[in-house]
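Chain naming follows the written order as A, B, C and D, and within any one chain the residues start at number 1.
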Amino acid sequence: MSPSTARLLISCPDAQGIIAAVASFIAEHGGNILEADQHSDPEHGEFFMRVEIESGGLGLSQENFAQAWQPVAKKYAMRWNVCWGDCIKRLAILVSKESHCLNDLLWRWKTAELRVDIPFVAGNHESLREQVDACGLPFHHIAITKDTKPQAEAALRRLLEEEAIDFIVLARYMQILSPEFVAAYPERIINIHHSFLPAFAGSKPYHQAYERGVKIIGASSHYVTAELDQGPIIAQATMPVDHRDTIDDLVRTGRDLERVVLATAVRLHVEDKILVHGNKTVVFD
Amino acid sequence: MSPSTARLLISCPDAQGIIAAVASFIAEHGGNILEADQHSDPEHGEFFMRVEIESGGLGLSQENFAQAWQPVAKKYAMRWNVCWGDCIKRLAILVSKESHCLNDLLWRWKTAELRVDIPFVAGNHESLREQVDACGLPFHHIAITKDTKPQAEAALRRLLEEEAIDFIVLARYMQILSPEFVAAYPERIINIHHSFLPAFAGSKPYHQAYERGVKIIGASSHYVTAELDQGPIIAQATMPVDHRDTIDDLVRTGRDLERVVLATAVRLHVEDKILVHGNKTVVFD
Amino acid sequence: MSPSTARLLISCPDAQGIIAAVASFIAEHGGNILEADQHSDPEHGEFFMRVEIESGGLGLSQENFAQAWQPVAKKYAMRWNVCWGDCIKRLAILVSKESHCLNDLLWRWKTAELRVDIPFVAGNHESLREQVDACGLPFHHIAITKDTKPQAEAALRRLLEEEAIDFIVLARYMQILSPEFVAAYPERIINIHHSFLPAFAGSKPYHQAYERGVKIIGASSHYVTAELDQGPIIAQATMPVDHRDTIDDLVRTGRDLERVVLATAVRLHVEDKILVHGNKTVVFD
Amino acid sequence: MSPSTARLLISCPDAQGIIAAVASFIAEHGGNILEADQHSDPEHGEFFMRVEIESGGLGLSQENFAQAWQPVAKKYAMRWNVCWGDCIKRLAILVSKESHCLNDLLWRWKTAELRVDIPFVAGNHESLREQVDACGLPFHHIAITKDTKPQAEAALRRLLEEEAIDFIVLARYMQILSPEFVAAYPERIINIHHSFLPAFAGSKPYHQAYERGVKIIGASSHYVTAELDQGPIIAQATMPVDHRDTIDDLVRTGRDLERVVLATAVRLHVEDKILVHGNKTVVFD
């Protein structure tokens, strides 16, 4: 997203004239629409819209946008959000011992494919410290045991708050966050699960897949909610496997799927292309 | 497409305010937008739009739409087209000896998945007459040799005109249409080529693929233009193959690809979801 | 499979020298190996082999093969089976109202892509009689209600026995077969389930997929066992979907997946390429 | 490959009894076959085989294997090769400025997914030195201009020889190697080309793909031969794209394809799973 753009995200009850109202508002204030996507959910009568605006000519600043927009938003009972192109999202990555997703995200960040700030990476093991150090990023070790979980989560939340973190990626973080933690970052924690959900939720999905004898394996990225592996799915992909594949082969093949699926979800989140609707996502890509 | 909808297709030079103008026009005339898709080509400064309108409440009839719309269209120098939901497209299918694409299209038509009228099927061989008869459709045998090609094409064109055919599908029709024929049906002849174009254009693509030792094969549907297999691509798909696959295996596997890719292109055309732009397509699906 | 070939399928505890023993036996009797596939399951110490032999030069007939082979089979404690190329398998297709899988199988049979005899199609509705009639095949209507299920299954089993049916395909047959019925045709009943199992087993999988908001849908073919949708999986495939897809779209897209996945499983079974091992399949393709 | 295994690769004219001869030889010398794959090319009457042997019980050492094996090899006119599990292949990576394939290979090497030694990375630019340094590997800068190409290649070849390099990976190395260079490493130089070959060979394939308006893009890894992008293809993969994708999007999406396709080819080469046959590959995976 170029600094001179803004993205407007809208959800509201479906009604006649919404697109006209939004597009006219933007045109009246001198904005140029670069991209516009809409979706009407026929089942719940809900309307979703994402507009990307060239903000250069827009006669509205970040300060007075809300006031000007308020009448339109009110008329259609919109929940809405505007993201300005010069605002870089702040991402914290949580890890355990597996390095593939972390390596992938850090590489995308270093090459500027992924446009975020990463104030820190935190791990419940020391295993990946060196990898994070090599990128010049702070690594925080926050060990977690059954007994110390409340304190560990409190320490983590302090860090997140101090660094004004916008969203969190669980890059194969093998801990279950408490409902309170999750509630503090609604639709702002992205997990990668190494199966095609809803199949094989929970632990050791490749072992489960091997036992069941499936002919495809998959990976799913989703927003974290209080229920394990049940949150709104953002992206999924699958690959064929066969009887010759051992569990180790599934794990190896799966790593290639996981990092691409996770990177896709992170990109979509960073570009403000995801709207959550109940337990589902509308993805404007 | 329900009978009470209309689809408006627009191409024009990109400019500020087009979406607002279109959406406002529809809202002012009481129409409800069911779906709207836009695309700006950053390279050529061209803008494309498709709007699907619930025409029930629309205070405009098929007769007076153009007149009311004309000022908007003129202001933005639009090429445009409106398709009314109660208008069923008339399709002629051309075949040779291979039955898989024909069988697939006829099955989709019989089960109403494909909403078209099929006034006739024509073949340059008699091979598929029985299959067409079984569906209660007329089959015309129009043999073609090098010497009789002009007469054969003339006979075919008479049939197409008599039956007021809207578009033509070459369902593995192994004849090359003359430039004059093609020019008479611009963006209205859909071909299926059994390779991932631009690889293996021309004859015997599976043999070419086998010779080259590729690890994937594909199929491509495209609008026919004067140059063989060079028209705007509508849909493509690929499948993995390996060294064990003989040419016969490629042909067999390819048949499953071809019919799905062709059916996809036909569905997109029938639903007015394709805009042609130079030698490329904008597909709003 | 050409009439002058034979296929030998073997399962036994893994041991040194099995391939040498099998290949030497064939060479000694003048057979030429066209294809050989092996698999060792590292977990259970089980060995699987499939050999396709040019039986022309083989100095063994169908009558005396078993006697000659017995010493090898006994030495390695083999379960084995030989399929002679001039033996055409006899297939019964069971249907309800959905026509897409039936249409696909019948088309493959008519064009000789699928080399089987189809003595009859049976349906618990009359809906597909015309489609079967058009192919010149007998259609048997065997209605099933809760109360008449035992009689209906008995009637069906009589038909299967009278026609010496080798294997059964449930081409979207919406009835659950009794454990007794299933036990009579072990590894000989192939079902197509319209989800990527183990996700969305049971009824209305596309509705379940829509509710969960998945980004891929799938289809799975498997051998039927006493537990619903839990049998050994033979083939699976998936396709991407998104938030714009209604349940009807999932059903339509899924039909294209289902028939290809089912046809793949049927082809593998007909070519004797599947070995069942517990609740999993070894597929030599 | 565990140190106590050996892999035997065989190509020869097809004949009766080869599998029996090979398997019997191994059994007689106390070897246990872990995996065996065969392929007969029906067109050229060529036979290919790969056998993976548990060498623990094998009563043959690396020194006397050839002598014992010679009679079998001679009888069937075999070209053959044996790779012992305790031999680690030595890989040189050549790069230019793009880091994604390099990063991917180095990560797989560091985590021991890729079991090779990497004596050095060489680049015709300095751009990737830091990335290589961070892994503790030597980086050699060998600049190439039109005028200095012979000297540059000579320097490179000295390095390759000094380090006893077994095979070379061109990880987006944007230089064309001379026929002499290529001839010195037959079937031992792996390239990644960023298109689904044979489409879009040569330079700027994503630009070519964008111009043609294809709906899929791909990547191909192949052995390098004297003709640019014409060598035997090892692995290929494709991904769907659409009209919204700019050239930059194709490049970004393509990077994810390229590195997986390249890594696959490298793994297959390292595991001795590729046999070259004319301009095609037999891949036993």
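Assume a residue touches a chain if its C-beta (ideal position, glycine included) is under 8 Å from a C-beta of that chain, and two chains touch if they have at least 3 such contacts.
Fair warning: this is a prediction, and the values are worked out from it, not measured in the lab.
Engineer: By the contact definition above, name the pair with the higher C-beta contact count: C-D or B-C.
Structural biologist: C-D
Engineer: Look at all chain centres (mean of CA atoms) and spot the one farthest from the centre of chain C.
Structural biologist: The chain farthest from chain C, judged by C-alpha centres, is A.
Engineer: In whole angstrom, what separates the CA-based centres of chain B and chain C?
Structural biologist: Chain centroid spacing, chain B to chain C, equals 36 Å.
Engineer: Going by the contact rule already set, what residues in chain A reach two or more other chains?
Structural biologist: none
Engineer: If you look only at chain C, which of its residues touch chain A in the complex?
Structural biologist: Its residues touching chain A are 39, 42, 196-200, 212-216, 218, 220, 232-238, 242-244, 246, 279-283.
Engineer: Help me check something: in the complex, which residues belonging to chain A touch chain B?
Structural biologist: Chain A reaches chain B through residues 16-17, 19-20, 23-24, 26-27, 30-38, 40, 57, 240.
Engineer: Contact residues on chain C for chain B in the complex?
Structural biologist: My answer: residues 99-100, 103, 107, 111, 113, 134, 252, 255-256, 260, 263.
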